[in-house]
Amino acid sequence: MTTAIITAQDVHLYYGKKEALKGITMQIKRGEITAMIGPSGCGKSTFLRSLNRMNDLISNVKITGEIDLEGQNIYGSEMDTVQLRKRVGMVFQQPNPFPFSIYENVVYGLRIAGINQRERLDEAVETSLRQAAIWDDVKDKLDQSALALSGGQQQRICIARVLAVQPEVILLDEPTSALDPISATKIENMLLELRQHYTIVIVTHSMHQASRISDQTAFFYQGELIEMDQTKQIFLNPREQKTEDYISGRFG
Amino acid sequence: MRNDFATELNNLHIRFSEMAMMVNEAIQKAVTAFINHDQQLAQQVLAADQQINNREIDLEKKSFEMIALQQPVTSDLRMIVTVLKASSDLERMGDHAVSIARADLKLESQKTLPEVEQLISQISQQVESMFAQAIEAYLQEDDQQAIAIAQADDNIDQLTRQVNNLCIQNMKTNAQTVENGTAYMLVTNYLERMGDYVTNLCEWVVYLKQGKLADLNAKA
Amino acid sequence: MAKRTTFTRVLDENKYEIALSTNNLRVNYGDYEALHGVSLQFERYKITALIGASGSGKSTYLRSLNRMNDTVGSAQVSGQIMYRNLDINSAQVDVYEVRRHIGMVFQRPNPFSKSIRENITFALQRRGLHDSKKLEQIVETTLKQASLWEQVKDDLNKSALALSGGQQQRLCIARALALEPDILLMDEPTSALDPISTANIEQAMQELKQHYTIIIVTHNMQQAARVSDYTAFFHQGKLIEYDQTRRIFTRPQVQLTEDYVSGHFG
């Protein structure tokens, strides 16, 4: 039985006067891949970023409602955002490795957390690079700059960097849209593997990707959550006409 | 829990092959029951049919799901289409096995026509062997073999005509044989239809391998 | 302008079945050969998709077709690019003239920071066309062809940068069309767009192919399958297979192609 790890209750988000999220209520289940789909400006990325308070970094943003991680309100006063972002990691659309070695990229979060014992770092590097399915590609060149890698490899390094701090939830914002199909498929297969240990939430514009890898799919439209269900249900027999139109490519 | 596509496709293939074995077994049992007048065995065929029907529905559901979620192309798509279409042929073969078993239950054992039963036995052996070879051709994805197997269907058609003629002759001369004669003709025609379904299966093997829709039934 | 119209008419009367072809086209960056001799013919009024992984050479090939690689310092393009019985890869041919006949739409929409109208008229005015009636007509025609007219016809003076990404991309298509090219090259034109904008562009492409030959590079296999008539698959700088799209996606002849289009990568 899968239980909710994140619960959002009537989340509204405003950029100044513009209401970007109009009362989102949903549960994200532990150990599953949840895909968020919808056209540009539908609010899916905004919602994703609100799950680890990335929106805090933008001025003029106001958020109401409640988002609980394991029953604890992440917008509550006692929530430490650094701690939160360790538990809920984020991978972005454009691979953004730091201009350091591969090794230092992966251990970055650990060093910030004050972990410096070589043994622990070495172990974390190997484990997370293996999980990110890139260990064999880079094990002999851990001291080389991460920037020398291909786009797909860079993205996997970024995922390893998130994994190194052992998060509970991984948020991915269109992680493969800048990659070619081969790199994208490698990342998708990796995510299917990772699901055994992590809860994954992915924003994607690729319907093909959502249908192939996710367990649950949430369809957003104009700041509202139109429908959320098992991916199978959404792609074979959605309840809402809007969902059906969107996933079958019948727009306007 | 979701598997990757390759695993799912392989599972589909395995479950389809299993269905073919189930149908093969049903045919063997139905015909054996008919020839040996074994009512118990005939009952077994009736009982097992639900499983075959369930498997077809199951394969259909899985195929639709894979098409919707994975949008397969080329040989992956052909595999799914083959399973989708051929499983409904298999299901109909299963239904015919049931019909043979039902005919068997009605047969009046004191008024048999040994000569006709001999021919029916011959037809059933041919159907079984053709079907077994077709399953093998599917498993090996051997299109040439599939084309060759389909040729054997001519033989079955010919034997069917023989049985029908023989039964009609007997029924004309001896009214006592009318009931059994009708049952024989029915059973023979079920077997003949099975031959056609095996031919369809062979066509799907050709499609699976070459991507071409062949008509192996085109001959007279 | 009058001259150009005549030119188009002449073209219509002469049936060029093949709009463009390359013969043993190679691209080298110094010692490194990025493209190993590609020969392909592009049928007129059809959409041809070029597919393949990153580094397969498809974009390099596309950019060679209107000599965009000329602007890459170390790139050397050898072989022939035949356009109307003329090898346009020859040094004597004016690159700008080539690009007028063979237009390009890029991955990221790149409108000028000018009004919608000026985005389209800018190049024409620079070419000496100042007849404002004529210009208005071209603005309307090209925006209609790019399926954008209905949405912007009342806002032609608005900045192009105020448009959505998908609208910007359609404006870039209209801008390319204003020069009346024969051939439109598109380099992953929808990869930065959401599915709705993508569908709009794909729809526009179907209209455009009545008048233009389109060659598109795409990473999106479903897109290639949906929009194109022909598909060319590139791998490691080589053209592996070229065929009707429906064949490439149902029964390709080469295993490498099959693996790629079915997503069976290593």
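Order as written gives the chain letters A, B and C; numbering starts at 1 within each chain.
Definition applied: contacts are C-beta pairs under 8 Å (C-beta built on N, C-alpha and C of every residue); 3 or more make two chains touch, one makes a residue touch a chain.
From a predicted model like this one, the values you see are computed outputs, not experimental measurements.
Student: By mean C-alpha position, what chain is farthest away from chain A?
Tutor: B
Student: Which pair, A-C or B-C, has more C-beta contacts?
Tutor: Spelling it out, more C-beta pairs touch across A-C than across the other pair.
Student: Report, in whole Å, the distance between the mean C-alpha point of chain B and the mean C-alpha point of chain C.
Tutor: Here chain B and chain C have centroids separated by 53 Å.
Student: Roughly how many whole angstrom separate the Cα centroids of chain A and chain C?
Tutor: Those two chain centres are 34 Å apart.
Student: Mark out which residues of chain B touch at least two other chains, giving numbers and ranges.
Tutor: If we look for residues of chain B contacting two or more partner chains, we find 5, 71.
Student: Which parts of chain C, given as residue numbers and ranges, touch two or more other chains?
Tutor: Counting only residues that touch two or more other chains, chain C contributes 221-222, 263.
Student: Which chain A residues touch at least two other chains?
Tutor: Each of 208 in chain A touches at least two other chains.
Student: So in the complex, which bits of chain A are touching chain C?
Tutor: Where chain A meets chain C, its residues are 39-40, 150-152, 177, 179-183, 185-186, 205-208, 246, 249, 251-252.
Student: Looking at the complex, which residues from chain A come into contact with chain B?
Tutor: 189, 192, 208, 211-213, 215, 231-232, 235-236
Student: Across the complex, what residues on chain B touch chain C?
Tutor: Answer in residue numbers: 5-6, 71-78, 210-211.
Student: State the interface residues of chain C toward chain B in the complex, per the touch definition above.
Tutor: So the residues of chain C touching chain B come out as 221-222, 225, 249-252, 258, 261-264.
Student: Name, in rising order, each residue of chain B that touches chain A in their complex.
Tutor: The touching residues are 2, 4-5, 64-65, 68-71.
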